[in-house]
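Shared chain: chain A. Partners: chain B in the first complex, chain C in the second.
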Partner chain A sequence: MKTNALTGDVLLGLVPIALVIALWQGLVSFGFAPATLLPPPGLVFARLLQQLVTSTFHHEIAATLIRLFGGFSIAVILGVSIGIAAAANPAINAVVRPIVRVLAPLPKVALYPALLLLLGFKHESKIVLVAADALFPILLSTYYGASTVEQKLIWSAMAAGTPRREILFKVVLPAAMPSILTGCRIGLVISCIVVFLAEMITSTDGLGHMLVTAARTFQAVDMFVPLITISLLGLILNGLLQALRSYLLRGFPEA
Partner chain B sequence: MIEIDRVSQIFQTSSRKDHLALSDISLTIEDGAFVSILGPSGCGKSTLLYIVGGFVSPTSGLAKMKGKAITGPGPDRGPVFQEFALFPWKTVLGNVMYGPRQQGVRAADAEAQSKALIEMVGLKGYENFYPKELSGGMKQRVALARTLAYHPEVLLMDEPFGALDAHTRTRLQNDLLNIWERDRKTVLFVTHSVEEAVFLSDKVVMMSKSPGRIRQVIDIDLPRPRRRTELLLDPRYQKYVVDIERMFDDSDEPASNP
Partner chain C sequence: MMSAATLLKRTAPVLACVGLLAVWQFASLVLKNDSFPTAIEAIRAVPSILTDKDALINILASLRRMAIGFALALAFSIPLGLMMGRSRAVAAFFNPLLMVIYPVPKAALMPIIMLWLGVGDVSKTLVIFLGVSLPVIYHSFEGAKAVEEKMLWSGAAMGLSAGQRLVRIVLPAALPEILTGCRTGLVLALITMITSEMIARQSGAGNILFNALDMGQYDTVFAMIIIVGMMGICLDAAFERIRARLVRWSEPQFDMPLSFS
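So, the complex of A and B:
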């Protein structure tokens, strides 16, 4: 029964995607756009399958994934630890709060030229940019989750003999987990966007670079392949995060 | 023995005016006594309990446990809150085992003790459930078992049955008394229900509000073990309830409360 409902949901979710592809095909078939500029979806998916077995394409995907994971992981580690520390300690909060207020609304991509000069064209500059952009949603939601932990959970643990310094790990961190994971979800989407953007602006490899190179030489089919690939990667990663979320939050009421 | 010695508590309200939540409270609670603190909402009765728990430090005065000043929470004083405050990420067994594990009891022993306690509060078979899967009454049974698991000398119960429906509340009162009859721990029980206070307690501490003060301490001289059906028909029980209600009614009159 439950698996039936699940497959039903998945099938229902495929309908709008099928509609978009149908619209795409329609645009090409009825001649609204020349096939040289907007290739039919069948052609793009055929090229994607063809590319998927080549080692150069693997290299591009690997480059993008390394940057995505590198940046996202740094953002999670820093965001969660700073968020928890700020919620636990007023002195740390007094330092962190103004910095966050100034940096959070800053378009981090504006830092990219500086990062390129400082760190070069390889992974480092992109990883730092992804981390900088994904950090704030994770930090802010961790801070919010950690500072709204029910006081009586903490009291219950302290009365049971948990020392104050262990409360952070034994109560605050697990209690803030729903907010932390919500922040991670937003951070992951941002990471996907930013890594692609950085590779489009300046890079020597990666999916974003593939797209720009194809676009500049009017190879329309090759231009759409990385686009579809990053969407699929985003879909898979989000699915994995969702699975992790349902596992970690299995005891929480609204998960 | 718990001694509360001239304790006052001042809170700053948002308008920066000082609010005197507790004014000069002195009270002694004997070992093994079941003492209820009874009063209208806002009289500071929960605050008094939190001070004994060591969760809140009094603005002035001192609370002592066995002659030693209370400076923080400790496993000798186990709280049970109206909101249950169970760890949502732990199962029933995980919640109950938390205290013994913190006390350094080996996992296997903690599990065995916890399972016995879960059975005692009537939840055998629910060990691997998460709190969200339980009703309010069951959650409060788990919370009680979690607190009993680390063997506190004093139970601090903060309107523990306040969020439950009347039927569940009655059952839990009976079960609490049964459990209490076995080892006669000291219980400090905060409530605003007169019947509940008289039914459970050896002593009822009546409080009035603004500022929170002790109005009167009444010894409840009713035989134990107490059975609800017998007690409800007992004229002595009825008299206690009516007398206490009258006293609260009097205090609500503007003339006596200028």
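So, the complex of A and C:
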């Protein structure tokens, strides 16, 4: 997905999105799908714009964002520190590696009922679920990045008199940064997805809850609005992370 | 000495499982919460679920949907990903669309798809298909992009057509990367399956989990979590075996499944 944005490519890329919307409009206009099941795109976007200025909608988005950022931040802090610790210390690695092997393929969403029972139906259970799901990609790519740091860099730093503990922050962390940021990007997308699902399964507010409420009352238009909102949120957050990445990685050869 | 080290390495995941269960047991004994049974109580409830005919049929039906969705997704995504990797135009055409779809939770489409296709197998399989496709496309794309040009030129010089080059050169060369995507996709298929059943609440493993939660059968809830967790770990381990056999020639790379939802 490292698209070197060239105008031609961007234009070409807009074609399928336009086609999807056109197909969507076409299905409705030519009566293949009744508007109650598939509302026309214009109606959905109008509804989205109309919703965007209401305070209830802001409240739902805020609830979702709190959970998203809460979980994501925990995942970044834990993932980066455990990943670097495991890469730096063989003893920690020997403990972390098998645990990660067992926990990484475990479908975290299955833990959600347990989290509900232990932490209640409020923010906490959702934040922990988001953190648990976003943790592993970040941890693994941090570990990968930190364990492939060129030994020569460390030797040079040591030869230049850097104390051992500072090497971690001055050499290993910056050198592992591209890989860490890739992990964060995957983690961010996962956070978006998981927070939405958790809210769909049980919640009293948030975007996922909006979708479920709309589905229960067969309001097809209102079902599309939260979906489009979460997709837009994902794109915006991804863009912000990309901007952060190009700022942090200025001066890296290819990033 | 060597054999002791290998033995330790082999048993490490099992030890990790035991350790995690021990932590669970300890935590529940300390917390003394009615809704948090000990690990031993939960494990004791596992056989009763697995011998219950209804539950077993439900779980097997879930697994069947998962297998179908996964297989269809591979058949669709690998060719698309490979073509995207080899042709800039195809990549530029599909990439933005995929980027827009990426952050949409696939299981969240369940209510909408249910409106169109009903609550049956078709809509659940479709959701699994959608969930698995993206990582597989992405990894096939990355794998095909990294194929050495020289090999393709040699192939072309020896008279292979574009289609033959894709099958005979690009596919094998990209196989390790594709399989990494498949592994992610497999875990993802399980997650999507459970989630879609939690949302549709009509049948399947996810439904058993939440019904037990609603009825306050907490040991069943935790036993189901163990069963689903074991499914994930076993599927992953089995796939790892297959992968190691298929790409024996490629150097072992550090890849563990990156779980998505």
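Note that the second predicted complex is superposed on the first by the 242 of 255 C-alpha atoms of A that agree within 3 Å, B and C clash if a C-alpha of one lies under 4 Å from a C-alpha of the other, contacts with A are read in each partner's own complex, and residues count from 1 in each chain.
Everything below uses one rule, namely that a contact is a pair of C-beta atoms (placed from the backbone, for glycine too) under 8 Å apart; a residue touches a chain by one contact, two chains touch by 3 or more.
Everything quoted here is computed from the prediction, not taken from an experiment.
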item	value
Combined model on chain A where chain B meets chain C, clash or fit	fit
Chain C versus chain B, contacts on chain A by residue	C
A:83 touches, of chain B and chain C: first, second, both or neither?	neither
Which of chain B and chain C A:145 touches, first, second, both or neither	neither
Which of chain B and chain C A:161 touches, first, second, both or neither	first
Touching partner for A:171 - first (chain B), second (chain C), both, neither	first
Angular separation of chain B and chain C about chain A, which is computed from CA centres of the superposed model and rounded to the nearest 10 °	90
Which of chain B and chain C A:206 touches, first, second, both or neither	neither
Chain B versus chain C as contact partner of A:153, first or second or both or neither	first
Closest approach of chain C to chain B (Cα atoms, Å)	10
Complex interface listing, chain A residues touching chain C	1, 3, 8-10, 12-17, 20, 33, 37-38, 94, 97-114, 116-118, 133, 136-137, 140, 143-144, 147, 186, 189-190, 192-194, 196-197, 200-201, 208, 211-212, 215, 218, 220, 223-224, 227, 230-231, 233-235, 238
For the chain C and chain A complex, residues of the former touching the latter	12-13, 15-17, 19-20, 31, 33, 35-36, 88-89, 91-109, 111-112, 114-116, 138, 187, 190-191, 194-195, 198-199, 206, 209-210, 212-213, 218, 221-222, 224-225, 228-229, 232-233, 235-236, 254, 256-261
Residues of chain A that touch chain B when the two form their complex	150, 152-153, 155-162, 171, 174-175, 177, 248-253
Footprint of chain A on chain B - complex, ascending	53, 55, 72-75, 77-79, 81, 83, 85, 87-91, 98-99, 102-103, 130-132, 146-147, 150, 152
